[in-house]
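Inspection log for the structure reproduced underneath, given as structure tokens.
Chain lettering (A, B, C and D) follows the sequence in which the chains are written, and residue indices restart at 1 in each chain.
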Amino acid sequence: MKKLINKPEDFGRETIEGIILAHPESLKMVNGNFRCLVRADEKKKSKVAISTGGGAGHLPVFLGYVGYGLADGVTVGNVFTSPAFADMYEVGMAIDNGAGVLQLYGNYGGDKMNFAMAAEMLDMEDIRVTEVRGTDDVASAPKGEEDKRRGVAGIFYAYKIAGAAAEKMFNLDEVTRLAQKAVDHTRTMGVALSPCILPEAGKATFTIADDEMELGMGIHGEPGIERTKLMTCDDTVSYMLDKIMRDYEYKAGDEVSVLVNGLGATPKEELYIAYRKVSQILAEKGIGIHRRYIGEFATSLEMAGISVTLFKLDGELKELLDAPAYTPFFQQFR
Amino acid sequence: MKKLINKPEDFGRETIEGIILAHPESLKMVNGNFRCLVRADEKKKSKVAISTGGGAGHLPVFLGYVGYGLADGVTVGNVFTSPAFADMYEVGMAIDNGAGVLQLYGNYGGDKMNFAMAAEMLDMEDIRVTEVRGTDDVASAPKGEEDKRRGVAGIFYAYKIAGAAAEKMFNLDEVTRLAQKAVDHTRTMGVALSPCILPEAGKATFTIADDEMELGMGIHGEPGIERTKLMTCDDTVSYMLDKIMRDYEYKAGDEVSVLVNGLGATPKEELYIAYRKVSQILAEKGIGIHRRYIGEFATSLEMAGISVTLFKLDGELKELLDAPAYTPFFQQFR
Amino acid sequence: MNDNIIGREDIKRMLSSISKVMNDEKDHLTELDSAMGDGDLGISMSKGFQILCDQFDTVEADDLGKLLMKLGMLLNANVPSTMGTLISICFIKAAKIGKGKKELNQEDLALMGQAAVDGVMERGKAKVGDKTMLDALVPAVDALSKAVAEGLALKETFKLAYEKAAEGVETSKKLKAVFGRAAYYGDKSVGSQDSGATAIALIFRGISEAELV
Amino acid sequence: MNDNIIGREDIKRMLSSISKVMNDEKDHLTELDSAMGDGDLGISMSKGFQILCDQFDTVEADDLGKLLMKLGMLLNANVPSTMGTLISICFIKAAKIGKGKKELNQEDLALMGQAAVDGVMERGKAKVGDKTMLDALVPAVDALSKAVAEGLALKETFKLAYEKAAEGVETSKKLKAVFGRAAYYGDKSVGSQDSGATAIALIFRGISEAELV
């Protein structure tokens, strides 16, 4: 296991200690618990609060999306493991501004169970809680079973839209509707070239031959659609966009935002080669691109691979997407 | 070679095509030459222009630092290879605003030769040219021979300082003095855990055992100070800071900016574990930290490893460091 | 034991008794979970109940609902594994029944048991026969309800619940796991007892062995 | 040939002649550079001079300084390898001498040769004896200067320069490489002729074989 870490069991805590040391003006712990982080800036009375969380090992997911115009608090689990509902509850209590809490997170069994319990407990404190789960990974369940799909990099758009709506002081129902609409408008497909290594396990999450890639693999190494010989970047992108475009309506004249995400080890150069092809394919189909995000938005430690996300826009989504946002891991000022 | 690319020989061009397609409002080519990129925003009359460049494969170095508050133009070579002086000349011609050009780049033989020729040619066009080279890598030559040192991630600070000075409409001598001062105040030390693969060569730049790391290795895989068994992150950071602190004066009460840079494959989690240790060591020594930059600032394709840079501040450097800057790869708004 | 009524001190004694049992059976649980899981159950159960005992006095609440809520959260925050979470859910669900009460009568206990079963089924989606902790919890709670309805004394009630839980563990041997890590073993899981069900039986053993006031 | 004066058309013919030679000797250069380098020299030289010929007419400049400058840049932008860069430097340095002139006389040529040598030494830091292209270029330029001083005709001058360059290539066989990729071979480089020096000799061969106007 080739990592620059200390004791594997300290990996999660030390990561967050580093983040808090680096960004004290942006993030702070709740009750000194490193698993519970909230925005460090002034709370805004009557603003809907957005709570997120999930397993560690995916930076900037999830804590990197806590900040102005995005989420308000996050609960961090162990690597690839759901955090505890007691911690989620503490975060919910800490971020509530009297306007209710939207729990926005990825659609995984453990997280679902824990967030449901947290919601129940917040409810007992008379805090209204709604839930939206990211389900953007088209490779994880067939069309028609969207609610079984995993949440991957495309959850970024749900944060962005819901967070902007909350900053605009929309009410909980409206923020929830927009978050769900963002999820419904988002489609992601990913490929993996190499596995990652969980610090405590010390071995690769899966094995793959030197000349192979896995199409549709999940960000925890969940099996994908098929394993093939390594394809060119252009062919890979064509394959991914084909899967995405078959899954949702896109037609000439439509506008989308594009997210090309690196899973960890893949260099930015390759992300741009992939974006080049995405851009060419969409141009051929007459689909406009409004805002592109190219970089690491949801990772799997040092896994090599990429995902491509299309976020279909309409007037209201576009306006919210364009709103500013600021966290130590993501800035959009124009 | 596990990469998401098309033909290896198209790697450089396709990367830049992707970048131009993604960021047309920020970057444009000179004469349709993908190796010559300049800022796409309005030119500012009488502003000193900053020209940079070097081999590809280091994103965001170098083209990622072309934008407001940083450099004005860049010449991009093949992977790890100097660009041609004719292209550097074209960039210099395109960015000059009548106030002269500072050529600011990393201290490598090929780049040095080519930038010298470009300067000579710009001189024939009556454009005043000055030069400053990044020499921050303490591992690459002993103290006293700073001018033989390689430029690595710390060149970021030289861009930041010189770029801010140029936006403030300082003259060429002043911008040059400040760029050189930034270089003189910067010390970097890096470690590599795994090699990268040049797309055209198709094989690793060096070999290293599964339980080894190389201390002081350069960003092209140049040999470092020693090869050791894989150390803990804390021990590695202590070693690096020890080398840096022996090389330059740092005392209680001093203020520095810290840059923890990932070389490519190393996850952000590990960068923050490293920052945690940097922060602890500096706190023990009574050295203050003003601004920290944690992420990928100078990479070697998919090499695993990190570098740590200290940038010693004084009043004038601090003010320039705090100035805003904006490129598709780097944003600082506050 | 005061008129089959449970107070704060009784809960403390039950937890201390469970903690002792879990500590004694730690290696056994580890062994069971290692065979069909990741082997953490012995540690998580003994650690979890130890923490509840250690921290019990720091939880200031006369309202037993609040007390159970805090204990559930304490367990959950410290033992986020599957069984830690499910038992925490039992605490939280029971807490709702206990809300506002300084004492719990037998009917309360029966309702709490049922709420715990419902909570685990609602959140975990498993049912009896899936070779999970439910295979011990459900018969134990059923026995509890039945004993309460029949007006048995508390001591007797807990003893019956434990016996039924232990029978459930035996039954689980014949079942095939479809939830949790054991599900990876498929047919190979048949023949060995479910570790989560075993932990539930141990909890009831602890309760039944507690010296209540 | 017009009174030992070189004009725009002469330069075009020289380049075309060099291009022909480079094309003929492409495989030979590739072979030499493969033995002690990366094997790209044959391609880069033949491609480089081909481009100069192809693009020559697009370069509108009566000022021969400007013409040489543009040609040097064209070569450099298209052939950024070491020899491509060094020959481009020769063009740029010569261009400075030719600045403002529509014709070049023999003195100009001698000055240009010397400027090229100085430029390569200044930028590349190598010197004669380091087994580089300088081992051909320096004797050739010296011969050129000497012939000009002695008042020899241009045709004769170029022939002498080529001969000296070719001798330089022979000399290079005995030397050990300390610059460029060949330096990696250390002592093993002794015995084979330097590929860059060979390319220089071929350039002078091309010049000497050109039919000037």
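Here, a contact is a pair of C-beta atoms (placed from the backbone, for glycine too) under 8 Å apart; a residue touches a chain by one contact, two chains touch by 3 or more.
Remember, predicted model here, so these are calculated numbers, not experimental data.
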Separation of mean Cα positions, chain D and chain C [Å, integer]: 89
Distance from chain B to chain A - Cα centre to Cα centre, in angstrom: 30
Chain B and chain D: spacing of chain centres that average the CA atoms, whole Å: 36
Sequence positions of chain B contacting 2 or more other chains: none
Interface hub residues of chain D, defined as touching at least two other chains: none
Graph class of chain-chain contacts, one of line, ring, star, complete, other: line
Each pair of chains that touches, named by its two labels: A-B, A-C, B-D
Interface residues, chain C side, partner chain A - complex: 69, 72-74, 76-77, 80, 84-85, 88-89, 92, 96, 123-124
Chain B contact footprint on chain A (complex, rising order): 2-7, 11, 14-19, 21-22, 56-57, 59-60, 191, 193-194, 210, 230, 232-234, 236, 264-276, 279, 292, 294, 296, 299, 301-302, 304-306, 326, 329, 331, 333
Touching residues (chain side chain B, partner chain D) in the complex: 33, 77-78, 81-87, 89, 113-114, 116-117, 120-121, 124
